[in-house]
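First, the structure itself, so that you have it in front of you.
Order of writing sets the chain letters: A, B, C and D. Residues in each chain are counted from 1.
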Amino acid sequence: MNSENFLAGERLVNAAYVRQGWQGRRAHELRVRTLLEQGKCPEEGWDESTIELFLHELAIMDSNNFLGNCGVGEREGRVASQIVARRHYRLIHGIGRSGDIAAVQPKAAGSSLLNKLTNSVVLDILKLAGVQATSSCFVVPMATGMSLTLCFLTLRHRRPKARYILWPRIDQKSCFKSMVTAGFEPVVIENVLEGDELRTDLQAVEAKILDLGPEHVLCVHSTTSCFAPRIEELAEDVRQYDVPHIVNNAYGVQSSKCHGARRGRIDAFVQSLDKNFMVPVGGAVIAGFSDAFIQEISKMYPGRASSSPSLDVLITLLSLGTKGYRQLLRERKEMFSYLSMEVKKLAENYNERLLDTPHNPISLAMSLRELDERNPEAVTQLGSMLFTRQVSGARVVSLGTLQTVSGYTFKGFMAHADQYLCSYLNAASAIGIKKEDVEMFLKRLGKCLKALRRGKDQQDGPLLPNVDMDADMEKCKIGEGDDPKTLFAA
Amino acid sequence: MNSENFLAGERLVNAAYVRQGWQGRRAHELRVRTLLEQGKCPEEGWDESTIELFLHELAIMDSNNFLGNCGVGEREGRVASQIVARRHYRLIHGIGRSGDIAAVQPKAAGSSLLNKLTNSVVLDILKLAGVQATSSCFVVPMATGMSLTLCFLTLRHRRPKARYILWPRIDQKSCFKSMVTAGFEPVVIENVLEGDELRTDLQAVEAKILDLGPEHVLCVHSTTSCFAPRIEELAEDVRQYDVPHIVNNAYGVQSSKCHGARRGRIDAFVQSLDKNFMVPVGGAVIAGFSDAFIQEISKMYPGRASSSPSLDVLITLLSLGTKGYRQLLRERKEMFSYLSMEVKKLAENYNERLLDTPHNPISLAMSLRELDERNPEAVTQLGSMLFTRQVSGARVVSLGTLQTVSGYTFKGFMAHADQYLCSYLNAASAIGIKKEDVEMFLKRLGKCLKALRRGKDQQDGPLLPNVDMDADMEKCKIGEGDDPKTLFAA
Amino acid sequence: MNSENFLAGERLVNAAYVRQGWQGRRAHELRVRTLLEQGKCPEEGWDESTIELFLHELAIMDSNNFLGNCGVGEREGRVASQIVARRHYRLIHGIGRSGDIAAVQPKAAGSSLLNKLTNSVVLDILKLAGVQATSSCFVVPMATGMSLTLCFLTLRHRRPKARYILWPRIDQKSCFKSMVTAGFEPVVIENVLEGDELRTDLQAVEAKILDLGPEHVLCVHSTTSCFAPRIEELAEDVRQYDVPHIVNNAYGVQSSKCHGARRGRIDAFVQSLDKNFMVPVGGAVIAGFSDAFIQEISKMYPGRASSSPSLDVLITLLSLGTKGYRQLLRERKEMFSYLSMEVKKLAENYNERLLDTPHNPISLAMSLRELDERNPEAVTQLGSMLFTRQVSGARVVSLGTLQTVSGYTFKGFMAHADQYLCSYLNAASAIGIKKEDVEMFLKRLGKCLKALRRGKDQQDGPLLPNVDMDADMEKCKIGEGDDPKTLFAA
Amino acid sequence: MNSENFLAGERLVNAAYVRQGWQGRRAHELRVRTLLEQGKCPEEGWDESTIELFLHELAIMDSNNFLGNCGVGEREGRVASQIVARRHYRLIHGIGRSGDIAAVQPKAAGSSLLNKLTNSVVLDILKLAGVQATSSCFVVPMATGMSLTLCFLTLRHRRPKARYILWPRIDQKSCFKSMVTAGFEPVVIENVLEGDELRTDLQAVEAKILDLGPEHVLCVHSTTSCFAPRIEELAEDVRQYDVPHIVNNAYGVQSSKCHGARRGRIDAFVQSLDKNFMVPVGGAVIAGFSDAFIQEISKMYPGRASSSPSLDVLITLLSLGTKGYRQLLRERKEMFSYLSMEVKKLAENYNERLLDTPHNPISLAMSLRELDERNPEAVTQLGSMLFTRQVSGARVVSLGTLQTVSGYTFKGFMAHADQYLCSYLNAASAIGIKKEDVEMFLKRLGKCLKALRRGKDQQDGPLLPNVDMDADMEKCKIGEGDDPKTLFAA
């Protein structure tokens, strides 16, 4: 509807009403204009109507939606299924060009705008969420791990002699594999225990750099979502040896404590889209403080890429607005306090305790020391019981689990240390968590602990289809299906 | 996206590409402009993308979608469920005002445009499909029967003395009830048999008008979808007595033979939306040759009405274009020929015949004389067998069924005559029919007839879940569920 | 996915996980089962996922979605546009049969279930919202006015001598037209003024019944949404004269004060779907205390009808749950108090007052006496100013407006009385209203009143595209488009 | 709807009809069961209704859609925007686990099924389309180039000494970059000219292997979509030197001539999803003949990945069925013949010729020798003119273009050879092409060539908004925007 169309409309419907309608339209256009001009996340979230209209508008700028287009190339944005066309708002051409994932496409002005805007809006949010010095970022439709691999592959061209990546231990497979996949040898730096908390061993990192020779070290690869990562001190350390520093900031955007360094060196930090922006799994943001290096990474991706994660994150941020996103961060924090307090109480009732990990603002843990002592099998059984009771995300960590990843054997896997103090149960307050999640978790956990203490667990009959779940599992039972072995290889 | 937005876009993406995108947009706008200026169905159908964009644009012209709107009235277009909002494209205010279903609403310029355009596009199609003299029409979200009632109620104000409606018999309940509901006494005019064909008894109509006195006759209420309706002759007849004439043109738009008169009198003709335009059940078009009378009817509807049927028909006609609609009419006609030919062959194999009804271009019938003579129960059983074999729409008409509708007892109900020649099976080639419909029907009908001839039908076991349907029912069985009584009161 | 499918799934994916998935499915099925068995609105609202799955399930029970169906009837539920098919969840066959809008259809088990369930769930809500004695109701896809017409047409068959409908005045066109359309003569009963409040004149109703003769009175037609309707007393009155009583309960469900009678006579009460259930315009609920009479009405509708309003209201109630609906009622009430209090304050600032109408729980009014005295044009101008400032629903009522509806001239139209005390501004707190609606309304009203007091309104330039709306209209101007005549014929 | 729900339904609606509905449901379930049991693409495509129902069913098996789920992990499948949730059918957990992109997820049985089924159905199609020996494949949400990188990274672990990748030249950037990104040194093998056709230089490949030493060669990296790739001969060659062979089969599935080898060695072949299956850009299929190696690659991807490309390709193949997919392949082939024939004619009119490239079944080329000779600028101008006339995909290849990609300078870039015979225009008949694409292309190309011959191109005014596009560009003009430099850096 342009002005000519409105004029034509006035011949059918009272001009005063059409004019009112036109004013209504103007307000939507203004929102879009502000977005295009400023490239920032709007303060107030947009309603679905504006978002969908905007996406439709972007789509008709792509050649596959031109009414008079004729395509005789190999890649014309044709779609066989209308279901597929609709769910992508007919934005089919993906993002980037063969040379650069951040580049614009001649055939697809709309998709190109989508790509640019998404990166710009995400940059705005990264700054707002705490890393104000971030100068550049881009969304990449790959897992955090694969995105880290891309960063390492980029660094390889700068450091042809490097063979090692120094990695303060964090027990997550993809983290470790990201280095192996890139073709480097991970050098694991074990954490040191301070009270209940595992902390990065800065001395060990430094010693290892000197030992291997800085030029043979591709980079230090640290992780913010660990117990107590000491990113800032690491960043200062690596700076003096001129060793690059790549940060796995997986969950970091959502927590203001997890951010990078100012005075040290961080070449790039990578965060998961789903863990920070409540979108489906599959994308990451690669960000940094030097436009040149970030662009170098974006030019490393060979080929065009899916615009689906970009689309998701743009829709999400437009619908939340900075106001909505801040609200989510605030609620997460509140729920973390609430969860800590309540787990503490519950733990004390069972002669366990809330582990004291003040540097971890997202996850917490409750010891399972006594449970483990009474019956080592009960620990894994607890995990299994929670799973069948539809508690997701709570992980039971037993002492001494061995796990081999890409040929490297970890002792005490999942505990981030060869020998942690005790078995424990892990829970997190991540973005989007609701009070009822916490409440249900506590209720179900309480019942499971009670059942385990009674020790009559094994006699119970099979778990019925879990239809009492909503009735708060009054008859919380341990069922045949509770097989920890099949269920808990995370 | 207005021109300012495109300019802003050029700062993010190469200007040449954005300009190309803008040209793409222009083409969509032009389509919309042509529609708004001409109010006609486009020749070429629109793609889904243009249609949805257009509906979005209409929606943001309605006050419920104004970003700055504040509502303190009783009816503000608020919607509790987003599912509901989306499925109506956020067009919530319905059509019309309390005074007139065709009127525009101050609060809803977009919905008002939708209403005007729909009526205009439908008028275009009515003309194109054959009734070129139509001067006015409107879509009403009511069944054909209720729409006829509205016409009768409108005529009441013009003819205060009238008590009767003359109605050449057509055995369809809602047809009859439309008169009773309006508070008039239907006077049934029995059809006369000419060959196999039932034809309107013009003499009887005329005699009845004179008998009752023209001023006591509200109108003649004829139906085009009957065997041989003689609408044109009726129209000339009523004209000379100054008696109004309302035509139930239920299926008529789809068949070029079914149209109204030129030289006679037709005050209004009413057609079903679903039967002619392949949209969901629930709407009708009231049309006529005098703007004043049609407007009088539209002003009779007290209150605002659902825009859902209007939306459906507009979307449908825009997506088909006149080209697509003509194509559907052509295919229907071809399938009618094919169906006739094949039913004729099949009938002859079973010593029955295709009834000779040259004035009915949509439905045809095959006699079930021999079947009836051998076993009268077999006739209803055939209907039941077809139903359980997922043949829908084929109706078996037994001789001599009695049916009371609103206190009036019809003999030979469904046959449109007290005593038709024989029992028969009825099938139709309606708009949207596919060749595979006809083929599957013939195959299944053949098998049912064969089974009935073998006479071993009753011994068979229960009908299994009908999973062999796609395998062309090789094991076509007659099951326990084949109870004609419960299934075939149409 | 039935149990065989789950078993097949276990061959692809770990059985324990598939079993977990099956339990997840069971919970959705249980919800559906409870709904089917009890026919009541669930306490907790359903999420979109359950609702859409349920609608899909209903749809595949309709013959148009049978994979092996072949259709050779005139009405096979074929849909030309996939947009249309989708937006109706492929439920195409509408509701009811030619004989009865509440009847089930052989071809469409799913649509029939939808129809039955909707009526049952709505009945549950009507009872819950206060009219506990309601025994029967059905959703009809027609405006409240047209639904009232249907009730009157039904009564005609019971009362063949009746010509009049007694109607305590309420100034809404469709209300009045509903009687005229049905072919009856409305007898207007003027209201009496008690303080600021207009109340039904019970003596006048009684006198008129006696005067015309009860057998000539089709019914009394009262309205709950008027200032002070006295429905209960009316209901007792009509009972003694054996005169039917039809209640227009347009906005009534949302307000617990507006309900019908217990000891008196109410034959049917009709409420708008959109005004009570936050769905699009176009449907009504006809309810009553006698199953027989309600069924009689449902059998009056000639033809199948649109299922679109039923679908909307079912989706809405399932998504809200009784909890959500009650919450909406509660919020509406709170907002009414807030609105009253604030309008009172504002009125006093401008030497006007909040009219004292304790029997109206939805609408309130602020006098415009002084404004009118200073400048009679300012009153209509105020209405126009509010319209262009995107305040919708606030109505300005001038004294002495004449309006002719269907040949009957009303004096003081909109004020429900020939001569009300003063001009006034009307605002309502209807279901779904938000605090920000009230706040924005008060701000904008305040500015308009200020501008009018300053008297410099006419000199201002044209209203710019209303882009400052969100900035709370700091530069609130009166524009050229503010033409009260074209804008405010409600 | 399980059997209990159907029983409950029978209390509301006639049991015979509900049973019919249940049979309708059974047919959908059977389709799903066949899919789950056989893991093959169905012969007949599924309708949208079955597909969407199936996706809904999968979704409710994922823990984020459990009604009683409580999540206290970092990744709980929460989605902030309902638009996003819907467009992914609430399948949020992506595919794979940290250890393996093809692994199942405990939290997400539905998404895991989706992943397994997609890979299984795609494998079925790969076999059907010609590579019958394929034993394993998986969909990966990365560009073809990045997927090739992943293959190279996997091989690195097998061949620690390797530094080189031998690459018969094909001028596409991402192809080349895939090797550089993986950290290897591409060794470009120039093609040899046979007639008009460029063919892989087998001798050169062999010589280079020997020259570098087989153990230093990571693999040979060949491409099927080149002029005449000789994949089979290459495969036999590499086998004898025990050098791996990775095939970029970008467009290959759609063309039966482009398939891999039987007697030789191919370790993996990678194809683009969008180019072969008409889905949005962003995914690839990695396939091979050894389960072990393909699994090794799938275990190389560190992290969970987006399920969006898998979802797209599954929806697409289910909706097409093998029948529909075969039909698309057939139409593509027919259009190739038609395009060849017509380009030949057009070329001859302009004293040019269709280049003779019998081994390329998708792309063809028309010489621009004479045009180039008369005016070298005209060649690039032709490309620009076609772009502004909304011809997409036709590429003009000038002689002697220099292009540097990742530090390597190509002479004659885009022509796949340092010095090809002549400039040319390239066009392709790719899957999904329509006859009208070819017709419009020929018309527009003809007009552009004519305009260039007339030589009056430069005098024309600016190109108006391209509204005449549908009128076949009667006034085909060359505009100011026709700047080849900005537009044609492919």
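Points worth noting:
Basically, a contact is a pair of C-beta atoms (placed from the backbone, for glycine too) under 8 Å apart; a residue touches a chain by one contact, two chains touch by 3 or more.
None of these values were measured; they are calculated from a predicted model.
Two chain pairs are in question, A-B and A-C; the one with more C-beta pairs in contact is A-B. With every chain reduced to the mean of its CA atoms, the largest distance from chain A is reached by B. For this pair, chain A with chain C, the centres built from the Cα atoms lie 46 Å apart. As a whole-number value, the distance joining the C-alpha centres of chain A and chain D reads 29 Å. With centres defined as mean CA coordinates, chain B is found 54 Å away from chain A.
Contact with two or more other chains is made by residues 14, 16, 20, 22-23, 27, 48, 52, 63, 66-68, 82, 106, 387, 390, 466, 469-470, 487 of chain A. Within the complex formed with chain B, the residues of chain C that make contact are 48, 51-52, 63, 66-84, 87-88, 91-95, 97-99, 106-107, 141-146, 148-150, 153, 156-157, 172-178, 180-183, 225, 250-251, 274-275, 277-283, 300-309, 312, 315-316, 319-320, 324, 328, 339, 362-363, 387, 390-395, 405, 427-433, 436-441, 444, 466, 469-470, 487-488, 490.
Taken in their complex, chain D has these residues touching chain B: 14, 16, 19-20, 22-23, 26-27, 30, 82, 387-388, 390, 465-467, 469-470, 481, 483, 486-487.
Residues 1-2, 4-5, 8-9, 11-14, 16-18, 20-25, 27-29, 31-33, 36-37, 39, 47-50, 52-53, 56-57, 59-63, 65-68, 82, 85-86, 90, 104-106, 108-110, 112-113, 116-117, 120 of chain B are the ones touching chain A in the complex.
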